[in-house]
Amino acid sequence: MNVVYGSPSFTSEVMGTGYCPGCGHGTVHKLLAEVVEELSVREKTVLCYPIGCAGLGGGWTNLNTLSCAHGRAGAVATAVKKTNQDNVIIAYQGDGDLAAIGMAETMHAANRGENITVIFINNTNFGMTGGQMAPTTLIGQKATTSPDGRDLERHGAPFKMAELIAKLEAPKFVGRYAVHDAKNAIKTKAAIKKGLQMQLDKKGYSFIEVLSVCPTNWKKNPLDSAKYIDEVVSKTYPLGVYKDVE
Amino acid sequence: MSKEFIKGNEAIAEAAVRAGCRFFAGYPITPQNDIPEYLSKRLFEVGGNFIQGESEVASVNMVFGVAATGIRSMTSSSGPGLALKAEGISNLAGARVPSVVVNVARGGPAIGTILTAQQDYLSATKAPAPGGFKCFVLAPATVQEAADLVYEAFDIADKYRTPVYVLADGMTGNMMEVVELPPMRELSELPSKDDWRVNKLEQDGNFRSISSYSPTAEGLQEMNEASEAMYQQWDKEEQRWEAFMMDDAEYVVTGYGSSGRIAKSAVKELRAQGIKAGLIRPITLVPFPKDAFDQIDYGRIKEIFVAEMSIPAQYADDVRWATKSKLEIISVLTSGGVILETEAIVDAVKERV
Amino acid sequence: MEKSLLIAGFGGQGIMLIGKMLGFAASKAGMNATFYPSYGAEQRGGTANCTVIIGDDEIGSPVSRRLDTLIAMNEPSFVRFVDRMKKGGVVIVNSSLVQSKVEDKDVKAFYIPANDLAQELGSVQVANIIVLGAYIAATGILDAEFAKQVIAEQLGRKPEMLELNMQAFDKGMAAVK
C-alpha cells in the first residue's frame, strides 16, 4: 500500500494532545512535528514549552521538552541555545504567556536576536484558565474578565506582537499566519520550516505568530470560529510577512 | 597551593568556575555585583557563557534551561532579587535540576538596605517559593568557607539533582580575606548527565521532559515523595556544623554565617576571661544540624545564646526546636545593617554568669 | 596576636586602597588578615571607612568595637572613632585636616600632616601612602622593607608612580621617628 499521508513518525499514538475539539494548537503541533521530521532534526530539538494550553501538547510530539515557568520560555530558550548551539531550540508560547507575563523575556530575546525559533499562538484569550482577557483580546471582544468587551480607554489596545517585534533591529524573520483552513495551514508550515532552517543556518531569530481558534472560550463552533478568524481577528491582526532579511 | 587575599564575592565566583560551572545568569543588585562582574569575563576564558538577564526572573530561568542540559550553572543575587527568583527556584527544585543559587544577603524586609544582614534565614530554609520543597542550604562564615562550599555545592547539586542554595551575606561577600582556592576541575572528570539531560533522547528513542508539572495527582505525589526521601537522606547523612570548645562548655553560643564567626570571637574572649563558653555553628542550614544540639549535655548547660543579624529572630526558632525547648534562649540580635559586635555577645553571656 | 585597625576619611582619599594593601602585605607575610569596607549606595564621595584585622591565628569578627589603631584622615572620622581606642592603642592623625587632639593619656598619637607632606612630593594623592608608612613605623606590625616592597609591587605599574609611592611611604615612616 502506498501511504500518501500520515502522522509524523514520532508523534505519540497513546497520548492525545489534550486540546479541545476544533482548537488550532493541535494543528500547529502537527505541522511542527512534520517540519522537524522533514528536516531530520528530532534528536537535537528541545521544545521550550510554556504554561497554558500551549504547553498541553508537550508529550504528544515526542520531542524533548523543557517545561518553562509561565512566560519564561524566551529566557530559557536564549540560554539553552547560547550554551548548546548544535541544538534546535523552539519556544512555543501562547498569548498570555508570551505577551503578558513573559513580555520582558520575549522582547529581550528578540532584541538580542537569539538564534531561536519562536512560535506564538494567538487565540485572543487566556485559554486554559477559562477565557480571561489577554493582551491580544480584540477591542469589543468579551472575555471573562472583560464581560462588557475590551474597551480601548479602559484596557488599552491589543498588542500586535508580530508588528512590534518586526520593528526591532535584530530579528530576521517575522510573520503572522493562521491555521483555520488548509491553505493557511500550508503557509504556516512553510513559515515554521523557514524559521527552523534559518536557525540551522545560524541566520538568527525568527518569530512566527499563528492566529488560532478557541471555540470553547469564544463560545463558537469550529466553523464559526474559522469564519471569525477571516472576518474579525485577521482584521486586527493582518496576516503576512512583516520582516524577512534572510 | 598558593594563598590569595581576595574578596568574598570574587572567591565565590572563582570557586564556581573551578568547580566546573560554565554558565551564569544574573541581574545587578548590591552587595553581590562582583560575582556577575567577575564571571562576565572569566567564564568566556574557560569556554563558558555568561548572560546578564533582563531581570532576576529571566536569569534564574536561564539557569533552569542550561542546567537542564547538564551544564553546571549558577545564579546569584541578594534578598529582593531572591524573592523575584523564587518561582524559578521552585521550578529548579520541582523539576530536580541541579544548580547553585547564591544569596549575598542584605537587610530587609523588601528593599531594606544594601548593608549586610541575615534576614533571609526563613525564606532560604523554609519557604523560598510556593509548593513545598527544600533546597540544600549551605551557610559559609568566612571567605575560605564561601569558596569551599560553593565549590562543593556543585557536587551536592549533581549528587541529588537538586538546587543548592548558598546563604552568604554582605559581610562575607564584601570582605577580603586570605584564601586558598580549590583546584581547577577538568570537565571530563565531572559526572555524566547523559542519563537525564534534556537535550538527549532516551535510549529507546522516546523523548525526555524536564518539568515540575504532573498531569496526574498520583504522579505529583510520587514526585514529592521522591523529594521527601531525598530530604530524609540529607538529614541522615549531610548535617554539618562546627563545634568549638564544647567539651566542657557551660554556656553555648550559636550562630550561622557571619554571626557564627563573630560568635567564635566571643567564645574565645569569654574563655580568655575564664568563662567556659562553647560554640555551635551550623554549616548546613538544610539539613539543619540538629544532631549538634542532641549532643549537648543538658545537665551542664542551662542557657543558649543565639547570635543573629536579624530582627525578628529567625534562626533562633530552629534552635528552640532542635533543643526541644530544654534551654532558655537568649537572643543577641542586630538588624538593618548594624553589624553584631563580639562585645555584645560577650556582655550578654557575662550578664548571666 | 590579633590587631585591629580602622581607617576612616573622605571618599576619594584612598582609604580602601591602603586597607587592602595592608591586608595583602600581611597575607604575603604569612599572616591572616581581613579587610572589611563600609559600603554604601554612593559610587563616589561621602565618608568611607574600613577595618583591617591582622593576626597569627584564625580571625573571627572582621570588625571590632575596640581598636588597636585608628588612622583618621579627616576631622569627622577622628571625632567619630577616637573614643573606641583600647588602652595603649595608636592613633595616626592626618593633622593637615584634623584640628582636634587625642586627650586620652593611655593612647599614643602621631600627628602627621599627610596632605602637606604629599604636596611637598608633588601630589596630594599620596597622602594615604604617607599615613600607611607612618602606621607601619608606629606599630611595627610588618617588616617595613617587606611591606614597602609588596605595596610598591601592587601599586606601581608606571615607574614614576612607583618612585612617588616609595618616597611617600618613606616620608610617612620618617614622620613617626
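Letters A, B and C name the chains as they come in the text, with residue numbers starting at 1 for each one.
As a convention for this text, a residue touches a chain if its C-beta (ideal position, glycine included) is under 8 Å from a C-beta of that chain, and two chains touch if they have at least 3 such contacts.
All of these numbers come straight from a predicted model, not from anything done at the bench.
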item	value
Chain-level touch network, classified as line, ring, star, complete or other	line
Remotest chain, subunit A as reference, centres from CA atoms	C
Computed distance of Cα centres, subunit C from subunit B, in Å	34
Computed distance of Cα centres, subunit B from subunit A, in Å	39
Chain centre separation (subunit A, subunit C; CA means) in Å	63
Touching residues on subunit B, where the partner in the complex is subunit A	22-23, 25, 49, 51, 53-55, 57-59, 61-66, 68-69, 71, 87-88, 91, 95, 198-201, 205-213
Partner subunit B, residues of subunit C touching it in the complex	20, 23-24, 27-28, 32-37, 39-41, 58-66
Residues of subunit B touching subunit C in the complex	3-5, 30-31, 114-115, 170-171, 174-178, 261-266, 268, 339, 341-343
Of all residues in subunit A, those that touch subunit B in their complex	10, 42-44, 46, 48, 55, 58-59, 61-69, 72, 74-80, 82-84, 87, 104-105, 108
